[in-house]
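Both complexes shown next keep chain A, but they swap its partner, so chain B is in the first and chain C is in the second.
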Partner chain A sequence: MTFDSYNRQKNAALLKAVRKSSSAWLQQHLQYHRQSQRPWSRIIGSMLCTFGKFTMAGKITLFGLLLIVFVAVFAPFITIYEPSAISGGSLEPPGPEHILGTDELGMDIWSQICYGARMSLIIGLAVALISGVGGGTLGLLGGYLGGNWDRVLLRAIDITMALPSFPLLIVIAAFLNPSILNVILALVFLSWAKPARIVRSSALAMKKQHYIISARLNGASPSYIIRRHIMPEVLPVLFVSILNIASYAIVAESGLAFLGLGDPTSKSWGMMLHYSTSFRSIYFTPYWQWWLIPPLVALIFLLLCLAFIGRDMERVIDPKLRMGGRS
Partner chain B sequence: MAVQYATVLFIILVLNFFLPRMMPGDPFLILSADAENEVISVLTEEQREYFRSYYGLDRPVHEQFISYLGSLARMDLGDSIYYKVPVSDAIWLRLPWTALIVVGASIISTLVGILLGLLSARNREKAGDKLLLLGLISFSEIPSFLLGLIILLAFAARLKIFPLAGAVTPFANYSGPLDAAWDIGYHAALPIITLSLTQLTGTFLLVRNTLVTVMTKDYIRTAKAKGIGERLVWTRHALRNALLPVVTRVGFMIGMLMGGSVLVENVFSYPGVGSLLREAVVARDYPLIQGIMLIMAVSILSVNYLVEIIYEHLDPRVASYEAA
Partner chain C sequence: MMPLLQINDLSIDYLSEGTAGRSFRAVDGISFALEKGEMLAVVGESGSGKTTLALGIMRLLPENARVTGSIILKGRDFNSMSEEEKDQIRWKEIAVVFQNSLEVLNPVMRMEDQICEPMIKHLHIEKDEAKKRGSELFRLVDLDPVWLKAYPHQLSGGMRQRALIAMALSCQPEILILDEVTSALDAFTKAKIADLLRRLQRDFGYSMILISHDISFLSSLTNRMMVMYAGRAMERGDTDKMIDHPLHPYTRGLINSTPGIFLYRDLWGIPGEAPSGAVPGCPFYSRCTQRVDLCMSSSPALQPVNSEREVACHLGGVVTLLSASGMNYCYRLPDGGVLDAVKDVCLDISEGEVLAIVGQTGSGKSTLAHMLAGVMGSGVGEIYFKGNRMNGKGYGSQYGGIQIVFQDPVNATSSRFTVLDAVKEPLDINHLQRPEERVELVKAALASVGLSSSEQFLNQYCGRLSGGQRQRVALARALIMKPKLLIADEITSSLDVSTAANVLRMLKGLQNSQGFAMIYITHDLMVALKVADRIAIMERGRIIEIGNSHQVILHPQEEATRKLVETKMNREELIPGG
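Now for the complex of A and B:
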């Protein structure tokens, strides 16, 4: 089977699957991207194809995630007060002045929630992208090129995976100044190994496939094969691992902030949890109802959104995964 | 494998040694917060020299590192600045509480996970099973401390069934050991439930999926053909073989539970090592932070190492696979 006919067959099968379950708009785009010969276009096509096959829960949570992104981006327009401005009395209950009330210093809680979304999303996105793209690239090179470089990489992956991440994170955060950048760097250091391992193993499996071998025998360079054939296949798998890293990073950041290791000048959901739970005997007062619950609900909502999107994605790409494993 | 764990341990030791030395400032000077470069010294130049040589900070770095390793080998983790006692004593005092909730949670989540997994595998594709699956998966996605906060708000703050904080009733006079055990169990209940819930889903899914695979095997058909009854086939033939991967999971679970207990203990103000860590962070008690992290890292590593060894003995296929 030449790789052209392989591609044509695969495209037809994918299109059939999508036609069953998605809108006309999606189909149109998909048709365009799948038939296009440019690699980036094919990547977009495979992403759209994945979203099209989501379950109801996946679509709802995707919408929820977009909502959080919207709140974070347009925070200045949907809030009245600055998040760290003293705009009211101390510990005011929710009312017309302050939708969600105020904290002990008289800062508006709704503003803190909106601006806090930025912190979680930035940490999640930055860590996931850096370790996903960086780890993925390392894994791709290791898996495809093999040799000594691959042996070193495998060793490094094994060691990083065995590091006890949370205790390490605590000391790093305690000793270095807890700025966003340091937290991101520490999290990248602890999380690059997983995407590297996933991409490495699927590149290794794909290398033995007939269409890649035939492309190589036809004189295609490694960079061409990686770009044109391996990347579009590996990307959905990598995307799932990126989503998982994003929620890991968000949990880690809020956990550190909850322990008091966050940046004290920043407003994040974890910091709000830290301040409210540090408030003396908060559970004997009504304050926890509007001070502790909002950041708690926001964090759980964000994490559940990421989890359900990741789960759906995994389910959709699973048959492809198995196909990649067969040589 | 042993080389890998030794390398990991070495990396942890190096980090633990160099991180404090990378911090800005000088241990014997006070950086003023008022002005940018204002430095206050309460000690004279000679006193600072004396302290530097007293603590060995004037020697070259590699000598300091070797003497650091030497003191670790003598189980000497330094002195806590805040508690004014050796770090190992401060940790030792709190360790039993952490051990209690970690061991309690691993036992409960394993037992309940096996039970639910068995039930779920037997009733596969029924509505109740699907609901259980969805519920448990959602629970597993909520990190332990957020789950702990929800449980605390619901059962302690709102319903007032369980205590809000602590490991024992303050100033309690126990009438006997049973009374004391009841009080300790009552206080440990919520942290243990929280930690169990975070690990329950993993065990549950593992048992369920392994059972489903095992049930398709030939020896199960043989057992059924012998006519020994559905119940015995499930428990004696299927479950016994499905428990093998659970052994590994218990080990790795203990590692994860130790990490999780740091945060969960703080949610419930439970006086274990995790609360000690938060107190150390608040007081900026660096030797204590380092000591706690080292003890936790070493225990997680040794549990994981132990599990791999045990698993190799239980399942010889693993060893031969790795050798190949």
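Now for the complex of A and C:
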């Protein structure tokens, strides 16, 4: 046995041991949280459980997303300059003063990236939550209660889904004031239909389940059935849909900003791209290396994180896959 | 015309020795009349006072018995007679045939001497004459006179029984009281004794009181029947009609415990024991499935229900639990057409009864079950449950209501729920009991359906259970609400045969012990025959035939039923001699 292969084996054994102990830790916590009667503890338990089923890529990108969130939240502490303060000379290359250099107005790029993460995340989160929760609620009521309300909802969903979203978004953004609120509202208007449709169809299917009929015959109110039976089943699906909407909203906001339809005073990655690409003949200068690349990389990284997490979530909650075996 | 034997308000108490004033009432206020040539059946479980009644009529009771009420034989009151007169009557007017046993006969006397003794004593005839008549009597009861020389232990049980009948007939009485004459005999001998009794009644016009717990034996012989329980008459009427349509829950329980009546069904006795002491209310209270508060405090009297039936029940016999009429439901087809899933169905379910609804797939039986349970709301027909009209909500939200268990075990409980949560849910929804008590009730319910009630099982997710286990959990969930009516919709059809058999037997056992009524939906006629009191055959949304299960099978009225029966079993072996 060569030293090399011995080393490799030792490493593998070590890795296995680490994995084992970490999974033992996970199992222990899972057990604890599952048996607990407190709802929060149960939620933590199910989160741990979900995390345990993620692929390696999913786990890494989850940490990536947490990193971006960390950067966004603690932006004032990890940057030296205000993002819109003229803190240095125009178009300085990366150096000890400005780690990612400055733009044409002498603003620190790193600061802009950090504060821009806030903008992207806020828009993504706000749009996803409002349209996910709002659309989900509408779909739930429509699916469970049925009747005329459901018919109206279904038409509204069909119409919204049929609209070409990005061109319409450009038109709306061009007509409205380019403020964050308007961008959020426009995006919500265009993206509520998908979660509504998903939730409606699963509520409709679940309504016919015998255990729900039993509960209803036992005198359960609609609110009880929605709370105890339908919500827990629908929430994971809704969560994936929320993740997808978040990516869509972030791309859409960046796209609008890139086209110059964003708020010109706001600091967002899209705006940075817009300004940098508007700089005449930027590709003939070295400036693109520190002005154009960082926001682009940040944006791609965030979207990749969301995509990987979304994919893993989908895999975990898919009942066909949950039963074991990949389809 | 005056009846041959008239008994008015006869009560017999056994006084306990030593403790003065303490007594046990074995017969409590029995009245009946026996016409000439009539055969009256007295039925009841052991300890119901049947034999004491017979001994009371014969005045053969032990010293510590006290008799009240009157026994009038051919217009003469027993009470006004002297001991000698009674002694005269005992063999010449009324004779008793005791349950066959060696104790009844003197083991050291030849049969000949034993049979001659009453004749010499009561008819005052010579010994030779008596011997001659003895051999005639033996021939009459199909017994070779050579056996007259035998000792009792040399005779077989059937022969001894015949000899006892011959002894009873020796003084040519007008009334024969036969106390459990066939209970220890095999079926063949029993049939021969029945033939003998029928012949004696036809040829010589004896009046008989047949005391037995064997209803199928009595039903072939008698035309009137009296059911006794704890010394009281519970029900009285025409024998065949009583067997077809018993009114008292006790009578129904007895009939359900009798093998010969429902040919295919499993046997289930009446759960519980008769009360051992005096009770203020109805003696059947503790075992009754439809008891009300009144039954505990006051004892019901035997009262006529119609011209030929009397029943001792405050509720007038078995109560109709659910009555549905004008049940209609249709599905809209995709092409705009309408499919009548259930059409003009009327249905009654009695308290504690098992009704099987049998039909092919698509005959509307499940839809009907769902309608009765209230799945479709209230606009499907007139449904009355315990006398109240069904409103939109159904009756599942309270104790003593209707519960339904569905076909598919995977769908019957939520996979995300633990066993504890799934079974406890109805209590949680309706805020019944305190939370700690609910867990105890869940454990009891799980135990009753044969599942573990350990912590580990309680915290198991329903999604991880097998089909049979999940179906039991669904049953436990229904039973925790103590339903009066359980609707079981094909609950065993998705289980394997062995699991299905276990679940089915357990369900029927629970039905028997807890006394709820059940509607059992199935496509399998054989399964229906095993569990059901009554069977309804459904076809194309209609109930085409409904009746006692043995009648539906043996004498199907409709062509469709006949076909269903024929496909299920060989017709030759079904109808005896057919």
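As a convention for this text, the second predicted complex is superposed on the first by the 271 of 327 C-alpha atoms of A that agree within 3 Å, B and C clash if a C-alpha of one lies under 4 Å from a C-alpha of the other, contacts with A are read in each partner's own complex, and residues count from 1 in each chain.
Basically, a residue touches a chain if its C-beta (ideal position, glycine included) is under 8 Å from a C-beta of that chain, and two chains touch if they have at least 3 such contacts.
For clarity, every value in this text was computed on a predicted model and none was experimentally measured.
Student: Let me test your reading of the model: by the given contact rule, A:Gly64 touches which partner, first (chain B), second (chain C), both or neither?
Tutor: Neither partner.
Student: Counting residues of chain A in contact, which comes out ahead: chain B or chain C?
Tutor: B
Student: Should A:Ser165 be classified as contacting the first partner (chain B), the second (chain C), both, or neither?
Tutor: In the superposition, A:Ser165 touches chain B alone.
Student: Looking at A:Pro94, would you say it contacts chain B, chain C, both, or neither? Reply first, second, both or neither.
Tutor: neither
Student: After lining up the shared chain so the two structures overlap, which partner does A:Ala215 touch, if you call chain B first and chain C second: first, second, both or neither?
Tutor: second
Student: Per the contact definition in the header, classify A:Leu303: touching chain B only (first), chain C only (second), both, or neither.
Tutor: first
Student: Figure out whether A:Leu273 sits in contact with chain B (first) or chain C (second), or with both, or with neither.
Tutor: Touch partner of A:Leu273: chain B, not chain C.
Student: In the superposed arrangement, what residues of chain A touch both chain B and chain C?
Tutor: Common to the two interfaces on chain A: nothing.
Student: Using the touch definition from the top, list the residues of chain A that touch chain C in their complex.
Tutor: 34-35, 209-211, 213-215, 217-220, 224, 229, 232-233
Student: Taking the complex as given, what residues does chain B use to touch chain A?
Tutor: 4-5, 7-8, 11-12, 15-16, 19-20, 22-24, 137-138, 141-143, 145-146, 149-150, 152-153, 156-157, 164, 255, 259-260, 262-263, 266-267, 277-278, 281-282, 286, 289-290, 292-293, 296-297, 300-301, 304
Student: Within the complex, which stretch of chain A touches chain B?
Tutor: Going through chain A, the ones touching chain B are 155, 158-159, 162-168, 170-172, 174-177, 247, 251, 254-255, 258-261, 273, 277, 283, 288, 292-293, 296, 299-300, 303-304, 307, 311.
Student: Applying the document's contact rule, which stretches of chain C touch chain A when the two form their complex?
Tutor: My answer: residues 373-375, 393-394, 396-398, 402-404, 406, 408, 411-414, 416-417, 422, 425-426, 429-430, 459, 474, 477, 481.
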